[in-house]
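Read from first to last, the chains carry the letters A, B, C, D, E and F; within each, the first residue is number 1.
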Amino acid sequence: MSTIKKTNDESHPIIEDIYKDIKQTRNTSYIGNFWKYLAFDPNLLKNVWTDIKNIMVKESLIPNKTKEMIYMAVSITNNCSYCTHSHTAAAKKLGMTSEEHSEFLSVIALAAKTNQLVNSIQVPVDDIFNEDIEK
Amino acid sequence: MSTIKKTNDESHPIIEDIYKDIKQTRNTSYIGNFWKYLAFDPNLLKNVWTDIKNIMVKESLIPNKTKEMIYMAVSITNNCSYCTHSHTAAAKKLGMTSEEHSEFLSVIALAAKTNQLVNSIQVPVDDIFNEDIEK
Amino acid sequence: MSTIKKTNDESHPIIEDIYKDIKQTRNTSYIGNFWKYLAFDPNLLKNVWTDIKNIMVKESLIPNKTKEMIYMAVSITNNCSYCTHSHTAAAKKLGMTSEEHSEFLSVIALAAKTNQLVNSIQVPVDDIFNEDIEK
Amino acid sequence: MSTIKKTNDESHPIIEDIYKDIKQTRNTSYIGNFWKYLAFDPNLLKNVWTDIKNIMVKESLIPNKTKEMIYMAVSITNNCSYCTHSHTAAAKKLGMTSEEHSEFLSVIALAAKTNQLVNSIQVPVDDIFNEDIEK
Amino acid sequence: MSTIKKTNDESHPIIEDIYKDIKQTRNTSYIGNFWKYLAFDPNLLKNVWTDIKNIMVKESLIPNKTKEMIYMAVSITNNCSYCTHSHTAAAKKLGMTSEEHSEFLSVIALAAKTNQLVNSIQVPVDDIFNEDIEK
Amino acid sequence: MSTIKKTNDESHPIIEDIYKDIKQTRNTSYIGNFWKYLAFDPNLLKNVWTDIKNIMVKESLIPNKTKEMIYMAVSITNNCSYCTHSHTAAAKKLGMTSEEHSEFLSVIALAAKTNQLVNSIQVPVDDIFNEDIEK
């Protein structure tokens, strides 16, 4: 159940264009729910797809698989169920193996644990971290 | 200001051992505040350092720089200030360049934005993600 | 599935009173799940309904539709699914149009994105904000 | 203390342009820390300022003061200190009175309280919310 | 630095009453910053103090020390720095020892770690938990 | 739907050992979904069970029922649905009554409310909390 209706009508020119670009860029005929709900506001759909294409799909310095794993880490910590599913699937499609997935789980579990400890203790930031920046 | 006192006395045998191991493993003479506060409970200090050493310091399938960037992503999303500082510093030490840092910022900002959109719309998970798992 | 049982018995005097007041105040015969589960503890039910009535239902300086949109923003950010559904419905009932809903989505998505950037950079607060307060 | 260095050099053509536009649009000579740190990556600076200008500064259906209060609600819930300061200041500049600020506090405090209750009880979403959407 | 001004004037009748009650109830002459800032809105001050007095100060089934430790757990997870400080201090005043504080840290660190794992895996809820409720 | 597959094969020696230990320690024949999904990575399964056994099952200074209530508080605040269900069930099994559950709800709801207020006001930490630590 969602707070807005899924848009099945693809006749709006912006929606049509974006769906075509998604299909071409990703070499698929499948448009996920995220896009079908975002199509509620064609400009928002366009804005988000443009970001995804430029940042996540385009080759850049950080390998795409790594970018998806960073995206997964944010989505899991924000407890966004849909995003956790879709970006885990994306990382796997880009080659994340079961072994890497296991390591990933250990890293994010440890991060959550130490974040909680630091927040409970309210550990003051070492001056040394500042010196690194000022160099 | 913290909720527990910093431990400056290093004579406790567990603390002594762990500090020695941190210094050796990291090839440094500096012990950060995180460890000095955790030393409030020597067993907790040992438990956390063992995790960090096994998961973050030991070479594994995911490169250490990437592991630190995943750790950064969790820490930033949990808004843990100390952790954000220390793991950003760690990623830089392991070779994260300014350009990669910029890309990282774009990825985590986009993730936070789409997480928020998905949660506001309550987008239902596509069945296709399940099929991937069942394969 | 919930952690406590839904209360279907309305014979408890506090529950009876509150349900009557909810129905009258909202001009409806429907009591939502939130109230039926809170009725597990009649005093908590009374406490929460009194707050909702005084803060959200009573006319005040901030228009009720706006108050519901602020409530939505908190609920979405906390990723409270039930609350996101119920307060989105409430805002719509109070006149939030599809166009306003679209604008709302853009605002909260941008806020989440810049919050994430600020937390990752750890931007220090400008002194100018303090001067504003001290005036 | 921040994780990246503040950019004081404004000679980069994108930075120069954006700062000029910020000053003109807001009729001020002051550039806040947020922008000075974002300038670390001129394209990110441009991307974020374009969003802020289009969504928050441009007049639209939701009054700008209300948009800032929604932004405040997200920033507070994400516990982004800088954002809470800057958007509270922005809402005040756009006319949010002390009385409205008080009401705002009551709304977001109540939202956080009921979000927590709903999450602890795991209240199932009423079917009625879905019917609203399907209409 | 705060988003509202600290109220030092105690002549408002509600503020005067509440401060007197806080001092008497807690047997202290010290009024913490939380109250001095809440006094910005005397009715909110009264509302919050009434809650604290009824829920946290009044003896009830859950011992007061335990209630403070539960309060600490929420405050730490929400990363509320002030609340983490004030409720850790309160728990200590009510008898929480260093050893109990250590155990508490281990519990909340483990909870954060397993929460993160569960959210990353999206573990489905066992039916057995439901049967417990229905009994 | 989950991001990894449930492990039904219990023939892996680590999985076999851990399941046996869980059944013996908890005097049950039921293995919950959490463990069956964690078994995806036998070493992670072992690591998490060892933590749970040492921290949550072993008798210590904080009574086990109280430890489960602290665990609940973290899980609810992180909005981890599975964890909220399983640890509420665990606290009940250890003797948490309906009346204590009600009190618990009031405490965590109040904590979430005041956390939100403090974060919105950005209340500065009183020096008095520091003096407590330094003693």
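To be clear about the criterion, a residue touches a chain if its C-beta (ideal position, glycine included) is under 8 Å from a C-beta of that chain, and two chains touch if they have at least 3 such contacts.
These figures come from a predicted structure and were not determined experimentally.
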In terms of mean CA position, the chain most removed from chain F is D
Matching B-D in over half of the residue-numbered contact pairs, the equivalent interface among B-E, D-F or A-B is B-E
Quick note, more Cb pairs in contact for C-D or D-E? It is C-D
The distance between the C-alpha centres of chain C and chain F, rounded to whole Å, is 27
Separation of the C-alpha centres, chain C versus chain E, in whole Å, is 21
Contacts with two or more other chains occur in chain F at residues 1-4, 40, 44, 74, 76-81, 84-85, 88, 105-106, 108-117, 119-122, 125, 129
Contact graph of the chains (line, ring, star, complete, other): complete
The chain E residues in contact with chain A across the complex are 72, 76-77, 79, 81, 84-85, 88, 105, 108-117, 119-122
Per the touch rule, the chain C residues reaching chain D in their complex are 1-4, 30, 32-34, 37-38, 40, 44, 48, 51-52, 55-56, 60-62, 66-67, 69-71, 73-78, 80-83, 85-89, 92, 97, 99-100, 103-104, 106-108, 110-115, 117-126, 128-129, 132
Residue positions on chain A within touch of chain F in the complex are 79, 84-85, 88-89, 98, 101-102, 105-106, 109, 116
The chain A residues in contact with chain C across the complex are 1, 3-4, 40-41, 43-44, 74, 78-80
Seen from chain B, its contact residues with chain F in the complex are 1-5, 125, 129-130, 133-134
